[in-house]
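For reference, chains read A, B, C and D in written order, and residue numbers begin at 1 within each chain.
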């Protein structure tokens, strides 16, 4: 059984972002955990290989003498993905990415997010487009948090972003996938990886994202805010793998009953 | 990672049916596969420990000289769960269970299903109640396929069934969980295991069943009818585990956004 | 405009129950209102022609000297539909119907409900079947509250019930239609009227029931429990009419976008 | 009954757009009908007071000698809302609005849509923002078709649009409301009318939009594409009114059953 799973995951079906190959399709955030130990254990249970770090809220060495996240999640083991959480303009976001690059010795991979609103944490897509353009021109490999608007997703890909990361629902909401058809539209038309970023609440949400054909899922609150974050991290790891396999395996169509001659027809749903 | 998963599954959180302990919470059917090899490989990929067999359609030795399913799925490795698929009256179902007991040397565990309709394969709950009563009195350990009616589920438990198996949707439909609140109601009030039996279409459906607190899931078409049954079996294994862990880990509540002071309030949904 | 509506509703598309023709497809309950005046105004705003009355909780003359509901909702204007709310066995329900018949001078039309549980108010379908059989044999015209089990709905029709009334969700829950496919299955196979009874929360729920092809909707809490019961009664009247017209008008199929060559295919939903 | 409905609709609860008061909250498109007669009858059955016209596809007098839509839908009876359907850049859209203003003798009210894609007809929100800015500066009263992105909806309001018109789903898809929380977010924060524009498939979809607090609904395909467009127009009129009344009446909260002490809690849904 495990041999089967391992073969499939690692070899035949890797996730490639900016030329680097990953075996895990679950990316995790590093905020909101109780302490460094929980962060480390949950991240390990999630099987994450890419961990995202809010540069403005996290010490990666810029505050000497304080605890450094890189001691907990060493770059030798994890791909560190600096993000611009807390930035509300393109300028702030660009500056934050440049700071991250300095702190991390020329590291080019970043997750861009420019927020439109402190209350909802929805992206400001206009500022996001502007920042993406600047960052790509400046040599960054930009993974970009955005709405689930298929036209914008394509625009961000055209600009040169290395991954498009539409929300499933507002950050931290746990509402799950609100608009499956938008995600599907994005996935079917993208040539770069599409990762759901934000809104996942529980394991099935992550599975659904993968079943739609998403290349991965990024989450933080759903794990860190669960009653048992480490176990939820494991749940999410399994859910992402389950959804990916289900996508590749080709599900049966929905029919009203087994003997129905054709799938449900769009009249009831 | 695997060590963590193994520990949790096997030791701390077993499924107990009729006094026997199982590590897997995914039960699979044995029909509809291409051939014996696919049956064996998919069942292994699913990690199933209990496999259900339609006595009226399957040779377990009653037709000497023909291929015997028990050669493919040996009782030494799998708990064989004879079922009464194809029975439309209590009498037929009872007779079929007795035949199974003979064929399997006194084996007491059966899955009772009495269907109401060839087209939809919905259960006939009145005949099911009658058959359950007879079978329990006759010493069988009865796992019972039923509708998602919470009152009937309780009645079947009171009769002495060892597991209640409500449908998520019609057999073979792949429609997924149609009525979450009914399943939740059944789960919260049952003292015997509750397993979703029928209607699962893809991995997330299985996760959702487990997240509602179900003790397990039984499926056949969703695996056997997938484009790649073996990979789908693996997907379902992972999905059931994911959903179980998510249930135990305690998900975050749905909120309109992270900064909302309370969960969604039942006014929009 | 109104001429159009009137023509369609009254003449071409009547609801016929037990041989009597109704123009309104919204039936209302009479409990839970603030006072007699609100009862009267909400019932009028709903345009109801059939109003259901809990015999065990309502004075229809059995308690002389106390307020009589029939003064508020006169039988000359409304078809009074006595119901067996609060009955938990077939015997109680049968006795209650007989009492109603006496109180109402031989009135034969009743709404049978036999509940399984005080907490959830789910029907006890076994007791319901038994009571239906007795009442039909005793000459009653039985409209019957039941689960959304299609096999049972057919059985109740075979017994001779004049209308089958599946729940959308538990009584008073406001959860809306939980299982559209079950309702559709019942509707498509019934030769007597099918009315959704219980579970409607707001106007669109009533529309959805009608769009599935139901012949009518019965509700009480959704109106009486609203902040403004009279306005909600009007909303429900319009919603039932809207849903009926939409059903008859033949909706467009769901497609991923206008230019898609075929409806959604049962793989995403 | 009708007296009650009339009073409420006309007097107490008008829709005000750009200073003009409307009694109907259902706006209709004029394309896709079989002929002029069906257009006229469906528009009347819908009770529409505002009808939108694709300037690039419709003769409003620019082609003398050809049938003129204004003969079918006279401006004396209907507010004509020229739209920019078929425009894929801000420039095209601005030019089209100016052409409409000339054709309609200085008429200022327009519906702006700038599409991103011929296949899906999703809006191009960046071009939409640019066109809105130009048109508002040029003295137009701009009703604007956009995605359901709450940040962009607010931006369009800040620019000075007189109404924001988010999609429910792609134009002509009939998929219904895909993201209720986004619509709710837009509605709760807008000071101008919010009208759902695109995606409605049947009556209940229109009710749901109104129940979320939207000020109106605009549709074309759902009516013109129905088997019986005139009856569907009536269904939609009633559904919009039903949803509006239900919104104002204050629905009961969803609970698991009537006896539950609190609404559903965001853990199951």
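Worth a mention:
The working rule: a contact is a pair of C-beta atoms (placed from the backbone, for glycine too) under 8 Å apart; a residue touches a chain by one contact, two chains touch by 3 or more.
Bear in mind that the values here come from a model prediction, so they are computed numbers and not experimental data.
Using mean Cα coordinates as chain centres, the one most removed from chain D is B. Should one ask which of A-B and A-D has more C-beta pairs in contact, the pair is A-B.
Centres computed as Cα averages put chain A at a distance of 33 Å from chain B. Chain A and chain D have centres, each the mean of its CA atoms, that are 35 Å apart. Chain D has residues 120, 170, 173-175, 180-181, 185, 251, 253-256, 264, 266 in contact with two or more other chains. Taken as a contact graph, the chains are fully connected, with every chain touching every other chain. The touching residues of chain C, when paired with chain B in their complex, are 116-117, 120, 122-126, 129, 147, 149-152, 155, 169-170, 173-175, 178-182, 185, 266. Within the complex formed with chain A, the chain C residues making contact are 180-181, 184-185, 212, 251, 253-256, 263-269. Chain D contributes residues 1-2, 4-5, 8, 44-45, 47, 118-121, 170-176, 201-204, 206-208, 211, 221-222, 225-232, 234-239, 241-246, 248-260, 264 to its touches with chain C in the complex.
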